[in-house]
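Next, two complexes with chain A in common: one pairs it with chain B, the other with chain C.
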Partner chain A sequence: MFLKDYISEVYNGVSSLLKGMRKTGYYFTHSKEIITEQYPDNRATLKLADRFKGEVVMPHDENNEHTCTGCTACELACPNGTIKIITKFDITPEGKKKKAIDAFIYRLEMCTLCNLCVAACPSDAIKMAPNFEHSVFDRSKLTKILNNPGSKIKEGIE
Partner chain B sequence: MLSLESITKTTQDWLFAKFSPQIALTIECVIVILLAITLFAVLGLVLVLLERKVAARIQIRLGPNRVGPGGIFQTAADTLKLIMKEGLTPDAADKFLFNLAPFIVMMVAMLLLAPIAFAKNFQIWDINIGVLYISSVSSLSVIGILMAGWASNNKYSLLGAMRSGAQIVSYELSAGFAVLTIVVLTGSLQISDIVAAQENGWWLFKGHIPVIIAFVLYIIAVTAETNRAPFDLAEAESELTAGFHTEYSGMKFALFFLAEYINIFIVCAIGATLFLGGWMPLHIGHWENFNHVMDYIPSSVWFMVKTFFLIFLIMWFRWTFPRLRVDQLLNLEWKYLLPISLFNLLLVTVIAIMGWYF
Partner chain C sequence: MYNQTEIIKDTTDLGPEGELIVNMGPQHPATHGVLHLVVTLNGETIKKIEPHLGYIHRSIEKMCESLTYRQFIYVTSRMDYLSSHINNTACALLVEKGMQIEVPERAKVVRTILNELTRIASHELWIGAMAMDLGAFTPFFYAFREREMITDIMEDTCGARLTMNYIVPGGLMYDIHPEFQTKVKAFIKQFKEKVTEYEDLVTGNVIFQSRTKGVGILTASDAISYGCTGPVARGSGVNCDIRKIAPYDAYDRVEFDEIIETAGDSFARYMVRVKEMNQSIRIIEQLIDNIPEGDFVGKTKNVLKLAKGEFYQRVETARGELGVYIVSEGGTTPHRIKFRSPGFSNLSVLNHIAKGSKIGDLMATMGTLDLVIPDIDR
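So, the complex of A and B:
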């Protein structure tokens, strides 16, 4: 019985080591598995992970329309006051007043990219973009207005 | 045909024709020393680069690729940096032993070079107790490591050195037994005899089961003896900063580093000589045509290919397996490797007496 345990122990040990060596041997012989990005050289073809968080952006469609209702949920969700929303009132064709954003101010220098604002948004107006080259010569350039000039809210978003 | 054998023979004839025997011998010694130092320098550069490249490929990285095409001058640049750095000696260290230790380690590595047959009839010293000489001299390197650890006057260095001592003392046994299996089959301790015995097939194939077991044991034991991962407890970066060479810097550190790689080369060369036929080409039984084609490849190429194959195997181990704990390390040796190698020696003796090998 003792001998049987001993031999099975040796067998299990060797087989698990060989399993590990098979995996590393596979990586050694398959250069397509290499995940290194030689960054400054391959700027044009850089591949980033989908979940990479570089900055907050507000997507606009081809009619220069966004989906932000100006509800300020993101402003409330932000732990360090990165977002400031200035609202205004638009006049709809029916003559009613409707709340809309004047400026979505985003201070990248204060942002920790925690994703809480994106999670808080009820209308998916903002999202994280993979751009990470943020260095500028003047700090004030990091304060951005996310809604394009002249943009308006998409029809049917409340 | 131009071969290493003919070059050495021409040089020797020319020297003995020109000078008196004593002077000719002295000149030959100087040439051998120069060649050995050149080999060491080249091997250090090549093996460090090879290791970094292999490690990178195994870890799905690219490795050094900035200095020179494909990064081939990376290690030369590193060596240049190490030469220019200050070789600091700590105040509390035993200065004499501290400065002596790297040279002892290096000298042991150099001594081991003597009986290795690099090509057909190309050997520095073909002594009749070659295998015994190798196994006895290789265990001396622990003295250099213990000396470095003790003289540094640093707790990490001392711990690393003590671990290394325990490790080499234990693993020397199974490495010795693995080597003995080949000695039993060949009936000689001389390296040239061992190589000559493998003319019709390497021992790994001729000796079947016991020699394969011995080969595996030998590879495990020499990985431990050269203090490489998964047995690199003497250095253990995450536990002991750098183990026995914590206090070393500059060229003295480079000597330790170089000695590690030279030792790998030497143990792999010995492994290739004992199990894979040394410089002997791959011969299969009575396939005359196949054997004839194989003979066209120079013997030095055969030797280097086999040695580098084993070096690659040991590097593969290093970048696959995690480091063992001290108790696991000693368990592996005394509870597994030693009983298996004792049993294996018995098996190989029976096989040698009954003639059950090819």
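So, the complex of A and C:
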């Protein structure tokens, strides 16, 4: 009886090991089913999801115009104080004063990419961009001014 | 320079009966993070285990007190980073309960699907890491292959792979990706084909079975008195699935079984998690074709203010019961917030169940508790 148990235990043990090794052997011989991507080498073909949250950017159109009114809704929505908006007053051709942004300061090093600023924006002036290679040698390079120099607000955006 | 014999010769701090104190961690490949265990050994037998915490304490509870009810949700993704969706859901549910916000059906169903996907991803990672703790390196890659499909779905819909912050009070931050349903169906198909590989590689393996069966036995009464929840308690035969006891979101309209194993050893806890993944697939299958049309976020006020009082909400994360407790003074920020994390209670039982066993079994016992250290420290 003891011998029978012992032999069946050995048999079951060896068969379970062989069963597992057959699986590993299968993938060893079927290299096409391996899905590993070699990251820095596949840069040209690498495609990230369109919603990927990499950093906050401010899109400008071909006339160098953005849609940010400087309402500071994003600044209030940000949990970390990542965004700072400095506003100025432009003089319109009619001689009226109009509020506009002077600098949209964005500190990438403090950003947790939570998307709350983009969700809070009433005029869709900022969005998330799928850039993820952010390493630089100096931390000050991560503080960015998002509005292009000389850019102005699009007509009709209040 | 000391040589080996000189170090051992100094026996002054070995304790009364030749006890040996071994520090496991904070940097140890098998502790999954910065957990520091002070293990008192007598020969090879464990006499006492003292977990030292605080290496990754970020005072999340205190941080949340200075953030508004929209902002504090993103911080909770950093607690139990493997079930961040479920943490976010707990906070959103609490704010909705406190303010009586109506959540659209579409948001409820999508939340449930995402929560179950998160649970599968967490268990997949756990199986890989658990097998790696016991010396099997191959299952890790197979588990991560399926997990990668889930993170791709998350990346498409939520925009991030781990800390999504997709759930807001009232519903979802934005609508699901157009390809969400087809991708989830493709995942279900692949998962059902490939889950047998884990059975072949890990479950049926004779070395894995003999290292986990009968190791770290936790009785049902001990599980209750230590406050264990989740797969740890269910492996000991305790009914504690919050999805069954107090259903939230769309869990009241889906059919699934609460997995109960009665052996209470490490292998039972392993089996609970493997079977739970199949139940999660079952839940997703029932919901994925029936996502109702409509809004993805309900009507909320611009500034959220909770009424004065105390609020509590519990959910079932991949590790057990997560409770969120808020004391509100009627302002825009919580006056006091407390998280009841499942990992902390599950860790506290380690000394009880590992005492008296050999030090080699400690890895098998600790691995099946499924500890996530940022969840314990917060």
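Simple rule for what comes next: the second predicted complex is superposed on the first by the 121 of 158 C-alpha atoms of A that agree within 3 Å, B and C clash if a C-alpha of one lies under 4 Å from a C-alpha of the other, contacts with A are read in each partner's own complex, and residues count from 1 in each chain.
Keep this in mind: a residue touches a chain if its C-beta (ideal position, glycine included) is under 8 Å from a C-beta of that chain, and two chains touch if they have at least 3 such contacts.
Treat the numbers as computed from the prediction; the structure is a model and nothing was measured.
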TODO: Determine, for the superposed model, which of the two partners chain B and chain C contacts more residues of chain A.
DONE: C
Task: Which of chain B and chain C A:51 touches, first, second, both or neither - done: second
Task: Which superposed partner A:113 touches (first chain B, second chain C, both, neither) - done: second
Open item on the list: Just checking: does A:12 make contact with chain B only, chain C only, both, or neither of them? Give me first, second, both or neither.
Closed with: second
Task: Partner chain(s) touched by A:40 [first = chain B, second = chain C, both, neither] - done: neither
Open item on the list: Is A:93 touching anything from chain B or chain C once the two structures are fitted on A? First, second, both or neither.
Closed with: neither
TODO: Check whether A:77 is in contact with chain B, with chain C, with both or with neither, and answer first, second, both or neither.
DONE: second
Open item on the list: For A:20 in the superposed arrangement: first (chain B), second (chain C), both or neither?
Closed with: both
Open item on the list: Tell me the contact category for A:31 with respect to chain B and chain C: first, second, both or neither.
Closed with: first
Task: chain A residues contacted in one complex by chain B, in the other by chain C - done: 17, 20, 23-24, 35
Open item on the list: Under the definition above, what is the set of chain C residues touching chain A in their complex?
Closed with: 67, 70-72, 74-75, 138, 145, 148, 152, 155-160, 163, 165, 168, 173-174, 177, 197, 200-202, 204-207
Task: Contact footprint of chain C on chain A as seen in their complex - done: 12-13, 16-17, 19-20, 22-24, 35, 48-49, 51-53, 77, 79, 112-116, 119, 128
TODO: Quick one: which bits of chain B touch chain A in the complex? Just the residue numbers, please.
DONE: 54, 57-62, 65, 316-317, 319-321, 336, 340
- [ ] Going by the contact rule at the top, pick out the chain A residues touching chain B in the complex.
- [x] 10, 17, 20-21, 23-25, 27-28, 31, 33-36, 38
